[in-house]
Each structure stands twice: as C-alpha cells, then as structure tokens.
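Take this structure first; my questions come after.
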Amino acid sequence: MYVVKSPLSDADLKTVAEALQGALVDLVDLALAAKQIHWNVVGQRFRTVHLQLDEVVDTVRLHSDTVAERASALGVSPDGRAATVAADSGIGPVPGGWVKDSDAVAALVDALGAVITRMRERVTVTAEPDPVSQDILIGITADLEKHHWMFQAENA
Amino acid sequence: MYVVKSPLSDADLKTVAEALQGALVDLVDLALAAKQIHWNVVGQRFRTVHLQLDEVVDTVRLHSDTVAERASALGVSPDGRAATVAADSGIGPVPGGWVKDSDAVAALVDALGAVITRMRERVTVTAEPDPVSQDILIGITADLEKHHWMFQAENA
Amino acid sequence: MYVVKSPLSDADLKTVAEALQGALVDLVDLALAAKQIHWNVVGQRFRTVHLQLDEVVDTVRLHSDTVAERASALGVSPDGRAATVAADSGIGPVPGGWVKDSDAVAALVDALGAVITRMRERVTVTAEPDPVSQDILIGITADLEKHHWMFQAENA
Amino acid sequence: MYVVKSPLSDADLKTVAEALQGALVDLVDLALAAKQIHWNVVGQRFRTVHLQLDEVVDTVRLHSDTVAERASALGVSPDGRAATVAADSGIGPVPGGWVKDSDAVAALVDALGAVITRMRERVTVTAEPDPVSQDILIGITADLEKHHWMFQAENA
Amino acid sequence: MYVVKSPLSDADLKTVAEALQGALVDLVDLALAAKQIHWNVVGQRFRTVHLQLDEVVDTVRLHSDTVAERASALGVSPDGRAATVAADSGIGPVPGGWVKDSDAVAALVDALGAVITRMRERVTVTAEPDPVSQDILIGITADLEKHHWMFQAENA
Amino acid sequence: MYVVKSPLSDADLKTVAEALQGALVDLVDLALAAKQIHWNVVGQRFRTVHLQLDEVVDTVRLHSDTVAERASALGVSPDGRAATVAADSGIGPVPGGWVKDSDAVAALVDALGAVITRMRERVTVTAEPDPVSQDILIGITADLEKHHWMFQAENA
Amino acid sequence: MYVVKSPLSDADLKTVAEALQGALVDLVDLALAAKQIHWNVVGQRFRTVHLQLDEVVDTVRLHSDTVAERASALGVSPDGRAATVAADSGIGPVPGGWVKDSDAVAALVDALGAVITRMRERVTVTAEPDPVSQDILIGITADLEKHHWMFQAENA
Amino acid sequence: MYVVKSPLSDADLKTVAEALQGALVDLVDLALAAKQIHWNVVGQRFRTVHLQLDEVVDTVRLHSDTVAERASALGVSPDGRAATVAADSGIGPVPGGWVKDSDAVAALVDALGAVITRMRERVTVTAEPDPVSQDILIGITADLEKHHWMFQAENA
Amino acid sequence: MYVVKSPLSDADLKTVAEALQGALVDLVDLALAAKQIHWNVVGQRFRTVHLQLDEVVDTVRLHSDTVAERASALGVSPDGRAATVAADSGIGPVPGGWVKDSDAVAALVDALGAVITRMRERVTVTAEPDPVSQDILIGITADLEKHHWMFQAENA
Amino acid sequence: MYVVKSPLSDADLKTVAEALQGALVDLVDLALAAKQIHWNVVGQRFRTVHLQLDEVVDTVRLHSDTVAERASALGVSPDGRAATVAADSGIGPVPGGWVKDSDAVAALVDALGAVITRMRERVTVTAEPDPVSQDILIGITADLEKHHWMFQAENA
Amino acid sequence: MYVVKSPLSDADLKTVAEALQGALVDLVDLALAAKQIHWNVVGQRFRTVHLQLDEVVDTVRLHSDTVAERASALGVSPDGRAATVAADSGIGPVPGGWVKDSDAVAALVDALGAVITRMRERVTVTAEPDPVSQDILIGITADLEKHHWMFQAENA
Amino acid sequence: MYVVKSPLSDADLKTVAEALQGALVDLVDLALAAKQIHWNVVGQRFRTVHLQLDEVVDTVRLHSDTVAERASALGVSPDGRAATVAADSGIGPVPGGWVKDSDAVAALVDALGAVITRMRERVTVTAEPDPVSQDILIGITADLEKHHWMFQAENA
C-alpha cells in the first residue's frame, strides 16, 4: 500500500532509514529513562536534578518527533512502539526504585554517552546519501552533547 | 533506603499503589501508541487524525506525570520504563507500518476503551482508601472518555 | 444510528443522562438571562453589574459545553436548542425591558439559587451511578455558589 | 423609566430598532444552533465540523453582543431571552439527536442562508436612518457570508 | 512646501478637511476632559468611574490619532495643539477641582453628547466627497455612542 | 461544478466580481513589488525603508486574502496566479537590480498611487450592487492611502 | 446583619464551617512560615530551597483564598487575621533567625506533615455534609502531599 | 553563625534594621487585613471594594518581600512570623465578621494612614545611614499614599 | 468638600503642589506638541522621527498620569484642562503646518530642554518637603534627559 | 553601483547566485500557487486542505525571504518580481477556477515534488562553493519534504 | 564636535562623569566575569550556580546600558571597550579554566563586594551634583547587594 | 581536575578547540564594540543605527554563549575574560569618543568583515573533525553576513 515518491535511491534510502529508525528508538527510550529518574530521584540535589531531567525530556521528545516524521517524509514507516523500544534501545538498563541523586546524574551521563556515540555514527553514514537527514541528526547531537556536558560537570 | 511518611495504612497503600502503577503503565503506553499512529496514518483524513492524536498525546503525557508523582508522594516508587510498559500495558498490540485512517481511528477507539475499563475499576477501588488519588483518577477518566467519544463519533 | 460504547449500565445511564440534560438546559438559560440583564441594567451600579454578569456568562458557557460533551461521551445526545431551553429551564421568567441595578442583582440571586438547588440534587443522584459526571457537577456547583455569594453580598 | 437621549428621530429609531432586535434574535439562535450541532455531529468529518462550528459560535456571540449594545446605545431595550429567541428566530428547526456530518454542514448552509437574507434587508433599511448601525450590520453580513461560503464549499 | 497627491477634488477636500480637523479637536479635548475627571472624581463610585474614564481616554486617543493621520493622508496638515484645542473644542467647560461622582458622570454625558452631535453631522457631509473618511467617522461615532449609553445608564 | 448561492443578482455580481478580481491582482503585485524593493534597496535610508516595506507587505497580504475570499463567498473563483498577476496588474514595471533609497520611496509612491486610483473606482462602482464588498474596499483604500502619505512625506 | 441563603442544614454547616476555618488558618500560617524560611535560609542549597519555598507560597496563598471564599459562599464569615492565625494554627513554632538549608527542609517537612494530617480529617468529615467543600479540600491535600514528597526526597 | 559582610557601620545598621523590620511587620499585617476585608465585605459596593483590596494585597506582598530581602542583604535576619506580626503591627485591630462596604473603606483608610505615618518616619531616619534602603522605603510610601487617596476619595 | 488627610504640613504642601501642578502642565503640553509634530513631520527622516515621537508621547503620558495622581494623593486637585495647559505651559509655541524633519528634531530639543530646566528646579525645591514626590520627579527627569540626548545626537 | 564585499570567488559566486535565484523564484511561485488553491478548493476536505495550504504559505514565504536576503548578503541582487516568477518558475501550470479537494492535494504533491527535485540539485552544487548557503537550502528542503509527505499521505 | 547641552555645571559634570564611567567599566567586567564562570563552573551545584550567574548577567547588562546612556545624556562619551575594561575594572583577576562550584560562589562574593564598595562611594559623591544620576546608582547598588547576599548565603 | 568524555580524538579536538576559542573572543569583542558605538553614535541616522546595533548585540551575545558552551561540551574550558578579549580579538581598534553615523556604519562593516573572514576559515577547518561544531559556526556566519550586508547597503 501507500508509497511516497522518495528523493533517494534505494541503497541510500536503506542507509538513511536505518539511521533514523535507530535514532528514533534511542530518543524514545531516553525520554522514558529520564522521566523514570525524574520521578524516582532522591537526595539533596533532588529538585535541581528533577527539573533538569524534564528539560532533557522536552528536548528529546521534540527530536524523536522530528526523526520519526523525517522517516515518513522519505517513505519509511517509523516504529516507536513500546516493544520495539524495549528490544532495540542503545541505552543500558535503567535502575528501578528510588535513585540517589549522584547515581541519577551518573545514569544520565551513561545513557547520553551511549546515544551520542551511536548518533555520531549516524551523522557519518548519512552524510553522503542524504545531507538533509544528516543536518537533523547533527542538530540532535549538539543538544545531546550539551546535556551530556552538564551532567558530567555536575558529578565532577 | 528513603522512606516517605505515608498518610495511608499499609493495606490501603497497597491497593492505591497498584492502581497508580497500573494507570501509569497504561498511560505511558497510550502515549507511545498514539504517537506511533500519528506518524504512520495515511488516507484522506490524514491531517485531522494526525492532529487529533497529538492532543491525545498531550493529555496523556500530563496525566502520566501526575499519576507517577502521586505514587512518589505516597512513598511508592513508580515504574514507567520501556520494558515494564511493554510487559504490563493494558493496550492490545498496535499495528506496525502504515495505518489507513479508518483503522487508525478504530485502533484508538479500542485502546482508549481498554484503558477506560481498567481506569474505572481503579476509581472504584481507591474511593475508600484514598479519595485524593481517586479524585486524580476520576479527572483522567473524564478526559479519556471525552477522547473516546470523539474517535467513536468519527468512525460512525 | 450511531451508538457509543457506554461504560454505564442502562439504569445508571438513564439517571445520569437526565441529570446532565437538566444541567445543560439550566446553564444555557442562565447564560441567556445573564446576557439579557447585562444589556438592560441601569442605575448607579451599572458598570460593576454589567462587568460581573459577563463573568457569569463566561463561567456558565464553559460549563454548559462541558456538560453537553459529557452527555455525548456517555452516548446520550444533548439538547440545548432554544425551544428546549425555553420549555425546560429551571429559571423563572427574566424581566423584559430596562432593569434597575438592585433588581438585576436580585434577579441573579434568584436565578442562581434556583439552579444551585437543582444542581445539588444532581450531585446526589449521580454519586453512585457515575462519579465522573458527579465530579463535573460538583465543580460547577462550586462556581455557581461563589457567584451566588457575590450577588447576595452585593444586595446586603 | 430611564430614557437615553437618542440621536435619531422617532421614525428612524423605529426602523433601526426593529432591524437590531431582529438581528439579535437571529444571531443568538444561530449560536445555539451551531452549538447543538457541535455536540451532536457524527461521521468521518466529525472533528473538522466540530471545530468549524465553534468558530461560528465565537463570531456570532461577539456580533450578538455588539448588536444588543447598539440597541441600548440608541435607547432601545434589546430582548435576547430564550422564549423570545424560540418564538422570533428566522432559522428553521434544527434537528434533534445525532446529526450525520453532511447533514450538519447542510443545516449550517440553510441556517446561515436564512439569516443572511434577512440581514441584507436590514442593511438596506438602515442605510438612510442610521449609517452607524448599518455599518455594524454590514460587518456582520460579511462574516456570515464568509462562513456560508465555507460550508457550501465543504458540501460541494 | 510639501504637497501630497490628493485623491479628492479641491471642493471635496475642503469639506472633508474641515470635518477631520473638527473631529480632531473634539477628540483631543475629550481625552483631556476625561483625564481631568479621572484624577478629580470623588464619591462612592470613585473607583468604577475612575476606571471607566481611562477606557474613554484609550478609545479617544486612538481615534484622534487615526483622524489626524487621515488628514495628513489627504495632504491636509492637522492641528492638535493646546491653544487650538482650547479655542475650537465643541465641549463645554469642564469643572475645575474635585468632582462628585454623579457630577462626573453627568459631565461625561454632556461632553459625549456634544461631540456625537457634531460627529454625526460630519458623517453626513463626508458621505459624498470621501466615503473613506466617512467610514472612519462612522466607526468613531459608534464607539462614542456606546460610551454615551453607559454613562447615561449609570446616572439613571 | 460547485455553485455558491449568491446573494446578488447576475448583473450586480458581474460588477462586483470584476472589482474584486482587479483588486486581488493589484494587491498581490503590490506585495511582490514591495518585497522586491525590500531586498534591493541601498543607501543611507536602507534600514528604515527596508522595515517600512515589510509593513506594506503585511498589510497588503492580509487584504489580498480578504478580497480573494470575498470573491469566493460570492461564488466567484478568484485568480491570483503569477501569470495573471504579471499580465493584469495596475502597477507599472518595478526596476530590477539594486535600488537607491530615494528611488525606492518614489517607486512606492507611484505603485500605491496607481492602485489607489483604481481602488477608489471600485469603491464607487460597488456601492450600489454590494455595500458589503464596498465596505471591504473602503477599508483597504484607507490603509493604502496611509502608506501613500508616509512615502510621500519621506521624499518631501 | 447579612445572611446568605445556605444550601446546607445548620448541623452540616457547623461541621463544614469548622473544617474551612481550620484549613484557612493552617494555610495562611503555612504561607507565612514558608516566606520566613525563604528569607532566612542559608547554606549550599540556598538558591534551590529559596525558589522552592516561593512555589509553596504561591500554591498555598491561592488555596487559602479559595477556602476563605468557600466559607463566605456558605454564609460563614472567615477569619484570617494575624492574631487568629497566631493563636489557632496547626503548625509548630518556626525557628527565628538564619536557618541552615537542611533545617529549612526539615521544617517544611514537619509543617506540611502537620497540615496534611488535619486536612485529611477535614476531607473525611465534610464528605457527607458537603461534597462541594470536600472536593476543594481534596485538591488542596493533593498539592500539599506533592510538596511534602519533594521536601522529604530532598532530605533523604 | 552566618555573617554577611555588611556595607554599613554597626550604628547605621541598627537604625536601618529597625526600620526594615518595622516596615516588614506593617506590610505583612496590611496584606492580612486587606485579605480579611476582601472576604468579608458586604454592601452595594461589594464588588469594587473586593477587587480594589486584592490590588492592595498584590502591591503590599511584593513590597514586604523586597523589604525582607533587603534586610537579609544587609545581614539582618527578618522576622515575618504570625506571632511577631500579631504582636508588633502598627495597624489597629481589624473588625471580625461581615463588614459593611463603607466600614471596609474606612478601615483601609485607617490602616493605610497608620502605616504611612510610620513609613515616613523610616524614610527620614534611613536617609543618612543608607540611601539604598531609603529609596526602597520611598517607593513603598508612594504606593501606599496612592491607595490611601483612592479609599479616601471613595468615602468622600 | 472632600479633604484628604495630607502627610505634609501646609507650607510643605504648598511648595510640592506647585511643583506637581507645574510638572503636569508641562508634560501634558509636551505630549500634545510631540503628537502635533508626529503628524506633521516631512522629510527623509520622516519615519524614524515619526516613530521616535510616539515613544516620547508614551513616556510623557505615563508620567503626566503619575504626577496628577500624586497631587491627588496629597489632597491637591490637579488641573490638566486644555485652557490651563494652553495658558501655563513652559514650552514655547509649536509651529503649525508641515514641519521639515530637522526642524522637528530641533523643536523637540527645545521643548525638552525647557521642560528639563523647570523639572530640575522642582527636584530641588521638593527635596526637603517631600522626598516621595521628589523621587517621582527625579525619575521623570531621567527619562526626559534621555530623550533630550537622542534628539540632540540626531541633529549633530 | 553598490558593491558588497563578497566572501566568495567569482566562480563560486556565480554557482551560488544561480542556485539562490532559482530557489527564490520557485518559492515565490509555490506561495502564489498554494494561496490560489487555498481560495479555490471545494469538497468534503475543504477546511482541512484550506488550513493546511496556509501552513505551506507561511513556511514558504519565510524561506523565500531568507533566500533573497542571502543573495543580497553575497552581493547578488535577487529578483522576485511577478514577471520573473511567471517566466522562470519550476512549478507547472496551476489549474484556474474551483479545484476539487483531491485535485488540490494532487496539485500540491506535484508542485512540491518539482521544487524538491530542483532544491536537492542546488544543495549538491552549493556544497563546495558556499556551505553557508547550502545549509539554508538544506533546511528549506527538509520543510518542503515534510509538507510533501503530508499531502502524499492525504491522497493515499 | 557634537556637544550636548548639559544641565550640570562643569565641576559637577566632572564628578558625575567619573562616577558613571567607573560604574560602566565595573558593570561590563562583572558581566564578562559572570559569563566566564557560568561556562566553567563544575561540581554538584553546577546547575544552580550556572543559572544564578545568568541572572547576574541579565541584571548587570541592563544596568551597564543605563549607566552608559546616562553619561551620553549628560554629554559625556562613555567608554566600554575591551581594552578599557581590562585596564580599569575594579574586579580582581577571575580564575581561568574550570572552577569548582564553591570557588565560583566565592569569586562572585568577592567581585560583587568590590563593585559594591566603589558603587556606594559613587552614590555619595553624586548626591549633590546630580540627584538624577545618584538615583540610578542607588537602584544598581540595591540589585548588586541583593545578589551579594544570595552568594554569601550560598557559601555559608 | 574535571574531565569530560570527549567524542573527538585529541588531534581533532585541538583543531576544534582553537576554532571555538577564536570564535568566542571575536564574538565577545564584537558585542562590546557594537555597544560602544550604540552609545556614542551621533548624526542624522543616530536612531536607526542605535537600534540596529542592539540587534547585532543580541545576535552576537546569543552566539557567543552557544560557542562557549560548545567548547565546554567538548571538555575544553572557554576563555571570554576581558584581558583575553582585549589581547586576542580579530577586530581592529574601535574609535573612542563620539562617532559620526557614517563612520559608525563603516566601523561595523570593517569589524563584521574581519570576523567573517576568520569565521569562514573556522568553518573550513572544523568540517572534517567535528561537523557538529561546524554546523554551529555555519549558522553564526550566516547571521554575521546578513548584518554585514545591511551595514554595507546603508553606506552605499
């Protein structure tokens, strides 16, 4: 059914589609992980970490929407369902139960670090086949690396 | 570690905690499902369904936050992680790939219907042990039933 | 034609439907009455009563919309047409022509008083069959009683 | 009691007063009719018609207020009570119960058409006696004819 | 010096210029008079009259600007200087010193009445030579007559 | 296909349709011309003329939309396509390349002057057949004449 | 003097009046206490606690107004004067002078805990006599318990 | 514990500290008194006095915060607790129960008058030791004297 | 009639009243003069001077209101009527007819200079009798001198 | 006349200038075409297509301004006049007269497709000579491809 | 060249000019120092100090603009160039590289303290020659002392 | 101390760090230079240049913050202190004292030109090592070249 007239060749499209689908899953999971810790963090830095995590969530939700709609715009059906996210995410397991503030910060440093590594690979592989998608991924990487810095500075 | 001074007895807390955790999982999954269809819907009603689904997402994300923080306020650690959501959600499987607009509307009717049934049970069981949590669940049910009506009216 | 999947039993639905339809008619008529006096009030307190009545209109129009859509959400067609309102409203006849400010205030005290009495009965009868509808009616009653106090205080 | 110093002669005032009172009744009924269908419309176009009708309601409520206050400004008491509206409105009977979307659009085409015809007559008769009132009626007619076009285009 | 290319004949321009210059002087003086009473009113209705007068000032200042710029647009230099206003205004002398609230309302009824009479004559004489200027004067008259009603209703 | 129920007779409609179509073409071209000079103006007054031209563009785009939708509301299909505009516009050729600021101002004086002349004729011919359309054209003329004055004053 | 027509029986009114008056005193004192610590807190967490306390103040001031006006709406004169608050408040003595941040957080945990206990009793006793007042008290309790959680999490 | 590096000598600081602490207590009590009457006023002027009092509350709450933080900025712990306010306020006893509108206005005239007298003394004594604190007190006095005028004008 | 309880002695009040009344007249005339030139300026700098003058008008209207209400707050009736302004203003005659842009700027330099000189004298004479009024006049002087600089810089 | 100091070599500038001028013409025509169909669309999807087209217009107008000013910033005079647009646009002829909704959607799919193809070529050729211009064209292409997807999804 | 008509004598002007120029340099450097630490702070309090410093920057940038324009208004050319700031600032050397949060807070305490001492001297010396400039410096001092308190409280 | 996990190799990081540090210094100095001229410009174009320079300042301050935080995100401590800026800036000496408007425009053309040249080199050298930083520098260059065009057009 339904076929979008894609501006990319089949080979290019395959590369870009994988990059976008991978980015989507990582970003959706990052939002879920950040919310989980937003609700469960405890400790003296509770309030500041609680607020900071919602800024991560806002940024990441916006980017996941952009990435998914970019896939649709290229004629590729995006998949951001819970089961897919649980199976394919690049983020390691988030701790259950209450989380001490320093552990919360460390968890974000790890999660962001993992996503950034994969996102930079996506920036590299999409450069040739689709500079438009690459530009979107570059913008997302900039934001993630900014949040990454802040959490690292906070646990220094 | 960390213990909040709960205003409820242990038995009441157990009932309320289950209701809130169940509501949280349903609402997080509902947001993921609505976004999935928001990106994948096709057909003549594409635009109107696409926009309507984002209103569902906005409503449901707000409510999931309220429910999770209500659990925390009672001293119960909420769990909204991807794996938990994938495992415990009350919503049936959302179709992958492109979704015809009438199927999209039908999927929402089903998903909302499933969550509403469970939510009404939670309203009943929390009435006695914690009218404060019940009041939150009543407000959520009202919103879900309003969205439910609109999708039903749309497929009439 | 068109049948919404109602979460209520038939008996409960009948009770709730009557309550919502009655509330709708009362609220629509209350808005018309308040506007009528808003245009026709004269006297030293003209400006303050004129402005106060528009606040009543704003509140009441919002609530009438909520009540009508709540009926639709339960699968019951709401009826807010002029003839229905003229026939079924719980508000006594509003005076035609210019209205002296003290009479205007008194008219609102009476109209609000009549609607509040009926609204409290609706709060009582809906408690068991549908706490969701009841919660909406409780919120409306709170607002109406606040306006009622202000007009009473004004004619003291 | 209360007499405003009218800038019009008695004969002119009589003509203008009738035009304004007629316009008021038509506009109040149009708002009630549009709300009625806003709540009761069903079908694939539910959402777009539902939203479109609230734009009609917003426009028409604003204009009914302007017309009523224009009458007051000329010293003529306006009458927008439910019974008056039910008796004098130029709009034919609005269907009760659920309304299929195409019927909803058709009902608005009819209702707007009826009001426009009468409004254009009022524009004509007020030109001489009171260009100020006429200017208000011209502005209202422009808005009604714009809505009329949209509903006609929608059922084309 | 400086000559704007006027779209009107010389005779028409003379008529319109007089109407606009007259309107400008009346409106500037009306704003000064309303401010004067805004500062000097005393009595039980102090606050409501004080606020109402600032609404008159806002309306009238906006209109005086429109009228003056309309004159400029026709190539006629407008004159709104204090001496000109003091000499040519159609408003009778405003009382100095404190003003009792009922006297304040009466003063506004008189001032607005005087300006309205002259403004309606301007509407009549500009109809033929320049419907564009007439349309502006009609809109101003509508606003002034609305304020006139409110102050009359307030002293009823 | 598609026929809107027009409130005008055929003869009147023909007159009004020509006036609206003519106004549409003039306004669309005026916006294009103003943008062209907005981008190409140079000289000491660069910034002020650059900004002023965007105000012209904003005003004129709004009015062109109103005029086109007024035609649609009367059942007449409006035509604002590039070729039509290039062929039928009442504005003389706009200079290509960089434009000295005083020439830019002069070009606007000319373009506005040409459109105003034609717009005033349209105000005259529509008075009888459709005062509603005439009122729209009067409002547009007022705005154009205000801009005309400003550019004339600027080159004085 | 002045008697509002109360919708409650005398016995019910007595119960509800006591609940509302008690809630008012507690909330006014809570706002004063939170401001006191807002000004006097010192330590590494100064800024975050300083800001957090103003959020408590905003919430609590809003609720105290609602509660007092609810009493008025039932015809019961509310008393929120300094002496009454100093005498009847349920909050223990707030420390004078500078307050270390951890002590500040602990003081809020205690103050909120004390008010919540009393507020839950008020929710229970008002359920039968006045569900409208109860609904207001439930909403307040939800907000207080949310703040309570945050301060507890912060000192964990 | 905690010592701020004060820019004032000990003697100057003592004078300024007393002035600021006195101002704080007066302003907190003024807000409580204004709220008390806001809730309890009755009579024809109910609405206007009710609204006017909330403007006093807004002004005064803002100023009390500025004054308290000014004390902290000079290294002096401010005290705005209920007991301190009840004991040290310069405002006479506020009547309990319902308050007739003219009595409400008179009570505000008295309360504001009492605070203004003391505030002017504080302006005088702080001039030499700390023009920064004095400037804050001057601004507060200006606002209080404006409110004082309005209530006096209202009871004239 | 009406006597405000003045916080100043009779002698002090006389000095302050003269300063405020003088300031009021100067500021009202300054606004009229600035508007006059706003409408009549021509030349290459038309737009920038036209806009700049409206900023003067906005500033000055705000200050004239503050000054007049300050007089009222001290129990002195302010007089800002056209005839008073025409007679007592410290601004020299403003040219009638079109004004070349450089002359417009020069006129503002003169007018502002004249008012500033008088305003600085008022700052000096009010220092002792009423620092509250002085503070208001200082703030006004700062704004006037800022505008004065800009017009001087513009004609350099 | 007027020469901007270009940061590009002559050869590079020629390439970039052609790309920007081509993009400008396409975007201006796209806005005209979208507006044309916005006014002329009819059919059941009238409202949704009507609104969607205005979003295209908003996006495209913004981008055309950016592209034209980018040309100016490189010292190249942009040309967006009606005749140039009519002659050089890459969009095929837009149908005149009323347009059925499905045809309207198809027309947009075609027009956007044509512009996207050309825009992607411009992205390629500008990469080397001017990455700054390329970045702007990439952003435009992303937006156009998003709109392209939506219209395709809508006609699926 | 260019001479502003100064309202001060030469001797007074010299004193005031030195005070304003000194204040300008201190404030510009304070903004640069605060930004430097905003970017380089690390440690558990990273986020709160990072945000707090931007509030300092906002305040100080606003004040530096006011001070510089005040100098211009008195006819004195202000100098806020990098070299001047580097040479004349009253703030000691800001540490390069990463800054631990407690050191960051201490650095601000020192920097603010140094500027406050100099600012208070400027308040003293400008009192006689120019109360207008003094009033500006008083307002700045109040803001700086408020920030000073907060950083001191934070390192307590 | 503090080490951020950099996503770049050491060699790449060195290149990118130099580019970012260089950009930071240029942008901070550009803001200082623009403010300096903002305060000191005189001449007929005073107001337009004065306003235009603040737009430069706003743009450049935003970009300097982005660049500094990008350095931090890569683990490189940014240095924007006054002495560093005075020593390393790529902008030539800004004239002290009053600046004639045409000289002001020329100074900006020079300053922007110098920064653009260096910024384009940074775009080139960062392309390979870090496309994320490059993308930020490209966006900044676009903005600077837009401002550069405007000032050049203004002195044409």
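All chains are identified by letter, namely A, B, C, D, E, F, G, H, I, J, K and L, in their written order; residue positions are counted from 1 within each chain.
As a convention for this text, a residue touches a chain if its C-beta (ideal position, glycine included) is under 8 Å from a C-beta of that chain, and two chains touch if they have at least 3 such contacts.
For reference, the UniProt names are A, B, C, D, E, F, G, H, I, J, K, L = DNA starvation/stationary phase protection protein.
Computed from a predicted model, the values in this text were never measured in an experiment.
Rotation angle, subunit F onto subunit G, C-alpha superposition: 180 degrees, expressed as a multiple of 5. Centre-to-centre spacing of subunit A and subunit J amounts to 31 Å, using the average Cα coordinate of each chain.
For the pair subunit A and subunit D, the distance between mean C-alpha positions equals 53 Å. Centre-to-centre, using mean CA coordinates, subunit C is 42 Å away from subunit E.
For subunit K, the set of residues touching two or more other chains reads 1-2, 42, 48, 69, 72, 98, 135, 153, 156. All chain pairs that count as touching, in label order, are A-B, A-G, A-J, A-K, A-L, B-C, B-D, B-G, B-J, C-D, C-E, C-G, C-H, D-E, D-F, D-J, E-F, E-H, E-I, F-I, F-J, F-L, G-H, G-K, H-I, H-K, I-K, I-L, J-L, K-L.
Only residues 41-44, 46-48, 50, 98 of subunit L touch subunit I when the two sit together in their complex. Of all the residues in subunit A, the ones that touch subunit J in their complex are 1-2, 4-5, 7, 69-70, 72-75, 131-132, 135-136.
In the complex of the two chains, the subunit A residues touching subunit L come out as 109, 113, 116-117, 120, 123, 127, 134-135, 138-139, 141-142, 145-146, 148-149, 152-153, 156. Looking at the complex, you find that subunit J touches subunit B at residues 45, 48, 52, 102, 150, 153-156. By the touch criterion given at the top, residues 1-2, 28-29, 32-33, 35-36, 39-40, 42, 65, 68-69, 71-72, 77-83, 85-86, 89, 94, 96-98, 100 of subunit F touch subunit J in their complex.
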